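Right, one structure below, let's go through it.
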């Protein structure tokens, strides 16, 4: 604890993911006063045909 | 806000997904009185070996 | 299956929630061709101090 | 109801998944006094580049 | 890892919750061959006005 | 998009929550190159009787 789930569109490379989990872990530790090893992060990638805003699939936006 | 997650078995085509997000967005807007652009929808597809009812994987039902 | 989670700010009354689940169930059934009894919906309410957009808690927007 | 989501690293075979959902369903039924058919289980697999502990992606641990 | 989320209607007492997490942890360890300390469980309770099946809120079933 | 869910034990005050969402939003923007307004954060608080590690509820640890 804490456990962080990050829902995002797929397509980022490994380097971006490593930077993401590092920076988010720092942010959580500083704000909540917890130890790094306590922080778990799950990255939930989505295809752009599986995300919609305003009733339109991201893959179908013109 | 609101954010809707729809967990469903994989296999639907793009047309069915577009109709789904359109109709669900309509339903949310009418019921909650929010604007279309406020509504986000995430479709969470599952393989039938990753869903179980009554202790049996969907892929193993006879 | 399908299972729908609706994340929304707290404050809606019972009537609005009933209309919401009814309309969303209709939308899912028509789009995916499933039976009403198959559709499960979970409403996840949040306090406005537990939701943020653009780095600002909803409760702190001026 | 209840609905169980199991977040785990990918790589288990079908036999392990079937045993998992069977045993977890048993555990839920005995503890909560519900019927087997009421219990739904979703397995959420993750690549080891999508899970981090202590700010390090599982795929990058040395 | 693994992380288990159990979505269930509210109303169970502490004893039932302790038995639930103990039995589910056992089930996960035996099936997946992981250590007890690796298993995290989150119990997500819901009011019966926040869960619906077949388009009807659990609190409104007659 | 992205949408971040932070599962954590309840008990933090408003100031800590505001710092948390601000710092996590910064971390996501820098790592993924998205705009602040695109980032949504949901804080999921839990009672310590609803979280378990190693088969023991957090409220029951001695």
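Per-chain residue numbering starts at 1, and chain names A, B, C, D, E and F are given in the order in which the chains are listed.
The working rule: a residue touches a chain if its C-beta (ideal position, glycine included) is under 8 Å from a C-beta of that chain, and two chains touch if they have at least 3 such contacts.
Chains and their UniProt names: A, B, C, D, E, F = Tautomerase.
Just so it is clear, the structure is predicted and the values come from calculations on it, not from any experiment.
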Interface residue overlap between copies subunit B (Tautomerase) and subunit D (Tautomerase), same or different (over half shared): different
Centre-of-Cα separation between subunit D (Tautomerase) and subunit A (Tautomerase), whole angstrom: 20
Centroid spacing, where centroids are CA-atom means, of subunit B (Tautomerase) and subunit F (Tautomerase) in whole angstrom: 24
Sequence positions of subunit E (Tautomerase) contacting 2 or more other chains: 1, 3, 7, 26, 40, 42, 51, 53
Interchain contacts, given as pairs of chains that touch: A-B, A-D, A-E, A-F, B-C, B-D, B-F, C-D, C-E, C-F, D-E, E-F
Parts of subunit C (Tautomerase) lying in touch with subunit E (Tautomerase), wherever the complex brings them together: 14, 17-18, 21-22, 25-26, 36-37, 39-45
Interfacial residue positions of subunit D (Tautomerase) with respect to subunit C (Tautomerase) in the complex: 1, 3, 40, 42
Sites on subunit A (Tautomerase) touched by subunit B (Tautomerase) in the complex: 7, 46, 49-57, 59-60
Subunit A (Tautomerase) - residues contacting subunit F (Tautomerase), complex: 1-9, 12, 16, 19-20, 23-24, 26-28, 30-32, 51, 53, 58
